[in-house]
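Each structure below is given as structure tokens.
Below are two complexes that have chain A in common, paired first with chain B and then with chain C.
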Partner chain A sequence: MKSPLLKKNQKMQELVKILKKSNDFKHVQYMNEQTEEHFSLMFMSTMVEEKIIHESILPFLLEGNFHRLEDVKKIVPLEEIEFSEDPLEIEKKLFNGFVVLLLEKEKNNYCFLGAHKEVGRTIGVPEVEFSVIGPKESFVESIEQNLNLVRKRIPVKDLIIEEQTIGKYSKTKVAILYLENMANTENVNTVRQRLQEIEFDQITDSSYIIQIISDNQNSPFPQLLDTERPDRVSSSIIEGKVAIIVDGSPHVLIGPTTLVEFFSSFEDYFLNWLISSFFRLIRFFAVMFSILVTPVYVATLSYHYELIPRDLLNALVASRMAIPFPPILEALFLELTIELLREAGARLPTKVGQTIGIVGGIVIGTASVEAGLTSNVLLIIIALAALASFTTPVYRIGNTIRLLRFPFLFFAELWGFLGIVLSFCILLIHLSRLTSLGRPYLEPLYPPRRVDFKDALIRLSFKHQTKRPLFLNSKKPERISAKKAKEKKDIDE
Partner chain B sequence: MKSIYTAISILCIYLLLTGCVKKEILDEIYLIESIGFDHSKEKSNKGMIVGTILYPIYQPDQPPKNKTLTAEAHIKKSVLQEIQLQSANPIVTGSMEIVLFSKELATNEGVLELIDPFQRDPAVGSGLYLAVVDGEAKELMEGNYGIRGNATYFSNLIENNIKNEDLPKTNLHKFLFSYYQKGQTPFMPQLKRISKEKVLLNGICFFKHGKIVHTISPQEMFFFRLLVDKYSNGLHRVKIDEGEAAIRSIRSVHRFKLTNRFPKEVTVQIKVHGIINEYTGTKVTPKVIDSLQKEFEKEIDEECKKLIESFKENKIDPIGFGHFMKTQIRNFDLTDWTDSQFQNLIVKLEPDVTIAEAGVIE
Partner chain C sequence: MSMSIPENKKVSPFLVFFIINTMQFGIGVLGFQRIIAKYAGYDGWISVIITGIGIHILLWMMYKMLKIVDGDIVSIHSFVFGKTIGKILSAFFIIYFCLLTVMVLRTYIEIVQVWMFPTLETFWFALVFLAVVVYANFGGFRTITGIAFFSIVLPSYILAIFLFTIPYSEFDNMLPIFEHSIKDILTASKNMSLTVIGFETLLVFYPFIKEPEKSKKWGHLAILYTTFLCLYLTVLTFAYFPEKQLQLNIWPTLTMWKIIAMPFVERFEYIGIANWCLVILPNACISLWCASHIAKRLFSFTVRKTVPILALLCLIGTSLLFTRTQINFLSDLVSNVGFYLTFGYIPLLFISTLIAKKVKKK
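Right after this comes the complex of A and B.
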């Protein structure tokens, strides 16, 4: 039997042997000038700030008066100084930007000095969810900065931040944020448990988490809201929701969520309620339009000629006169063209991307009409439908809508309006069964909850927003007292 | 396992429902907009019906071209079959606007058999217009009216006259309603071809047992509308000593009242609100308005009575007095209504004309 001491030493040597294969691993020997103690520093040069070593660590270690490892705390002016006897800890700390201090005398004790290097971009303007009015900060990749952005918006002790590490190799830090006496414990437990149970080698982005912990992974609908706006996150937390911040991802997840939240932009809360309600209704209309208009065109032209108004017949038939394809092929051709344009536009660098617009809009559109491949009526319809699908404030749901069009199109071709109704039924069945962290996804439409309509299809004024959303089952359902929310009369009157 | 079941069920739905809907691609069908029926002219085909269909050929940047096809057969559906032999695309009835019957055919043979298929066809709506042609339907349909196609022209002509002029509301639904209603007989507007590019609405034809028995002129249409339709907004000329005025009725209400049971007497109250559109005299004074009102009332009374007398003569009841009696008298017997009881009915008129406005230049 080896003694535990020997075993530890052996482990230490093995570790150093592997580490030495990497060029950025540094192991340097020093001697204290006063006490003539021999000590060495181990660090990864890519992870530590060398300025800190030269200015805040080395001068004190070389000139200061220390005999034991514990003395370091007194002479080195750093906040993060930790001690451990576990050699396994060395690996963890090294890659987190700590400098490991080893004393010749105390081989079994290690001291870790924090000297993190901050690499990353600075906080910028939100690009996906830009709003003209309201804060212009957006999340960045560093979890510390992101937590700071949220914390400073909710400076109370009730805001709990629970961190855990997920991913066998990526060791990604993931934080759960919630308000202690606001969020439903069940929701918090669900999130915590699902995160703990994740078995995956790497978590590169919060999108991984969305897909892994979703209630139904086969659904095209996103079941957690992702946002890059700190204001949206803090407002959701105060509503009683749970937020998940993933290190390395500028997108923060919010759950539980509902379908209507994907159609509400956070700017809605910055505008007057009448205006924002109007915009919301426009968005819902745009989404329905985008999904249904091409299938309705195909169904009407293939099956239900009776429905076409008399005055429209001339325009429709005349535009289709020279086209050799049935409506479905014509529609598919244009839909695919738009998808190709979008896909190419997303892949190309910004500067080249502008050409795609010209190529797509003018060349393909006009030319295909002139060549008699598609009718100009359909061209207008498809272009409008594509435009309408971009009105969604959350990027993720926009993609879902683009995908949904194709099954509708397929069934419209098979059975006309009967097919559209059938696919709509299937969609509704799917949506009404869907849950987000166990909470109904279609709420307040199904289950119908009258109170929650105050902030769903339309947004009523703040005077009416006296209750937290019902589906969250918050510990404090009252937001403000309804009595106090009433308008107060001017004293002069 | 679950997904396999889903896949199988979707496949089943697909297979079972494939035949449920018939595909009719818009540009690969002929949309009939109008059908016309005539008597066969040839002696060998006596008793057969000539059917003419009218369908538009749509062209880019041009008004649709009118095209007609004609065939002879015994009943309507076989007319369509005969015509199908001449057409390159399937013929569909879903966007039909108007059905035309030649007056000769409608007087001698009757229209009921010809109308029957339209009320059974689910693709044909009940808003379909029916009209009689003073002359030959085929000839009328071969003309060229307006830029939107002939059928659209006919139906717009009728629609416009219903909405803004003197023609009472009429369509397939109304025709069938008054046909099946006991104590009421149906009517149809009458069209006449004037030239190759002109068509005229020249009266209303009244039917009994599906055959035309009586026709009134456009001048009488105004009074007929006052009797049958709720709102009339036709124009009528009234002559008094001081001059002649054109009065546009902006609102009219008619009400029936059973005023006496032995002998049966019905009072028709007609209230007309009108404005003066045109006046040939010097100045419209309250006195002139008063005499205009009186004169108009007198005219309504006379003309309506004349109309009702003519209906009595022809043993028809398009206004529906019989139906009205049945609503007022318990166990009212309608079996010989038009032949005997209607003849003895006393109809009194109580016109009430109010002229509300005489124009802006007062």
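Right after this comes the complex of A and C.
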């Protein structure tokens, strides 16, 4: 039988053998000038900051009073110094930006010195969820920086950050953030358990997590909110929600969430409640308009032209006089054109994309009307519908709405208004069935909860925001004391 | 025989309001005015009130029975009649609820065929509609309650739209009152039953209510609201139509919509009828849910199996009805069965339950 020491050595040698195949692996031998101890450093040159090695590690190891491995703590001015006897740790630490220190004398003990290299972009301005008023910071790809952005906004001990590693090859760090005395334990457990159950070889972005842990993966509706705004995340955590930060992703997930939250921009909280309520209502109207207007056009012109008053009908018929196609083909033609422009605009570099958008939109639109392929009324309608679908503050739900229009269009062509209502019924059923981390997705619309309407379709003033959202089932449902909020003095007192 | 429903599958007590109200307010509302006017003339509004009062009493009885057995109709039947007879009686309810589904769906399709699409294929529409119903049923009782909720809240704007008829109305039509005998008025009440049946579903979904005691209030409110809505419609219809003209309209409610004109919409009935699809959807969903749930209790099948099977039967039933006479026969049948079931059988069952309770105590 081999002794455990020998076994360890063998493992170590195997590891070094594999590592040596990579060019960025360095293994350098040194000798201390004072004590004449022989030691070596192992590191991946791509993962460590060489400046740290040259300035904060090597001079001290070479000149300090260095006898045993434990002395390192005394002589090297680094915070991250760890010891281990497990050769398996070496691999993990090497790829996390640590320098491994081996002492000739102590073969079965390893010391790890943190010398991470920070490569990444600096914190920038939110681009997807831009707001005119309010903080301009947005998340970046590094989990440490992102955690810092949240932590500094909630500087209390109750903010818990639980980290775990997911992904067989990507070894992605995923952190769950919540307030211990606020978030519902069930929600936290659900998130933790679902994350633990993930079995996938790589987690490239938080979008992977959304798709894998969603309650219903066959739904076009996003069931977790993703945001790039640290202010939105911290405010959600304080509401009692759970946030998931994924290393390498500038988008943080928030759950549980509801459908109406996808239509509320975080800027709503920075504006006066009357103004933001008005904007929210406009957004809901825009979304309904965007989904329904083309199907209604098709249904009306295919089946129910009696519905339109005569004067309006004249205008409609006049615009369609020369068009050889039935309304559905006309509508599909234009819808597809808009989708093409959108898709092309999204794939091209920004500057080219804009040009294509303008040229494509104006030229193709005008030309197709002039060529008699589509009516100008429909052109107006479709352009408005496309515009309306851009009002959604969360990008993901915008995509959902883009997709939803087509089943509606299909049913409208099939059964006119009846088809539209029928597809609306299907949508309603689907939405009532959806849950986000086990909480109803349509809340507060269904189950109807009057209290939560304070921040749903409209947003009431902060005076009325005395309770945390009911569906979160928070441990502390009271936000501020309702009594204090209601205290009012008489006039002239 | 009582069963345990997990707490997170139950619904809040106040949602009972929507379930009962939506079940009552369905296809019958489109044409009940003609029927009551046929028997009680323009004193028909009194019949509406009488029916309303009657249902309040029935609802009270139902809650009492359900409280005694703490279960559903199957529990009541086995409590009163023993297992075998109880099961046979419960099986009738499956047929009844299936018939109700077929009647609602087929009548709606008929209306669509007459008013909007003469060429609409009964089979294809019924297929899609029932598929939607099955999809809702697979979401469980909470989803169905959600649909019931939306089917009351979303189309409620239509109620205001009826006010468009007021400039063309003559409220003197209803004077003088009490022109008809009590018997006429009661006959009208009886014939109105098709409009207001549906509250008997409570016998099945009672165990799915959180704190059922609290839901009593909401159940009675629902019935009050239905009575109010029917009264509202009756008064507006009687004012809008002269008595003889009313008899010429099978669906007076729809005819009333025809007068509505807005700058961008004429012929509002197209929108109204399409909207009614949302109104009848929960009717079909809840009836089918009740049928499949009783089937599950009786034969210990899973609902996953009973729902598609019963939906398929309903689809066949719906597609087999072609002519107006057949449809009329079905709606008369359902309305008669519904009447005797609610106003005849439920009081009987109520008395038997009370007796059974006394006997068992001894």
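Some observations on this one:
Quick note on the criterion: the second predicted complex is superposed on the first by the 486 of 493 C-alpha atoms of A that agree within 3 Å, B and C clash if a C-alpha of one lies under 4 Å from a C-alpha of the other, contacts with A are read in each partner's own complex, and residues count from 1 in each chain.
Simple rule for what comes next: a contact is a pair of C-beta atoms (placed from the backbone, for glycine too) under 8 Å apart; a residue touches a chain by one contact, two chains touch by 3 or more.
Keep in mind the model is a prediction, meaning the values are calculated, not measured.
When both complexes are overlaid on chain A, the residue A:442 reaches chain C alone and has no touch with chain B. Of the two partner chains placed by the overlay, chain B and chain C both lie in contact with A:303.
Once the two complexes are laid over each other on the shared chain, residue contacts for A:125 go to neither chain B nor chain C. When both complexes are overlaid on chain A, the residue A:348 reaches neither chain B nor chain C. By the touch criterion stated above, A:326 is placed in contact with chain B alone, chain C being left untouched.
Judged by the touch definition given at the top, the superposed model places A:318 against chain B, while chain C stays out of reach. Contact with neither chain B nor chain C is seen for A:31 once the two complexes are overlaid on the shared chain.
Of the two partner chains placed by the overlay, only chain C lies in contact with A:432; chain B stays clear of it. Counting contacts by the rule stated earlier, residues 303, 306, 308, 415-416, 418, 422 of chain A appear in both its interface with chain B and its interface with chain C.
Those residues of chain B whose C-beta lies close enough to touch chain A in the complex are 13-14, 17-18, 20-27, 29, 31, 56, 58-64, 92, 94-95, 97, 123, 148, 152. On chain A, the positions that touch chain B within their shared complex are 300-303, 305-306, 308, 310-311, 313-314, 316-321, 323, 326-327, 414-416, 418, 422.
Those residues of chain C that touch chain A in the shared complex are 11-12, 15, 112, 116-117, 120, 125, 128-129, 132, 135-136, 139, 142-143, 146-147, 149-150, 261, 263-267, 270-271, 273-275, 277-278, 281. Interface residues of chain A facing chain C in the complex, by the touch rule stated above, are 303-304, 306-309, 312, 415-418, 420-422, 424-426, 428-430, 432-433, 442, 446-448.
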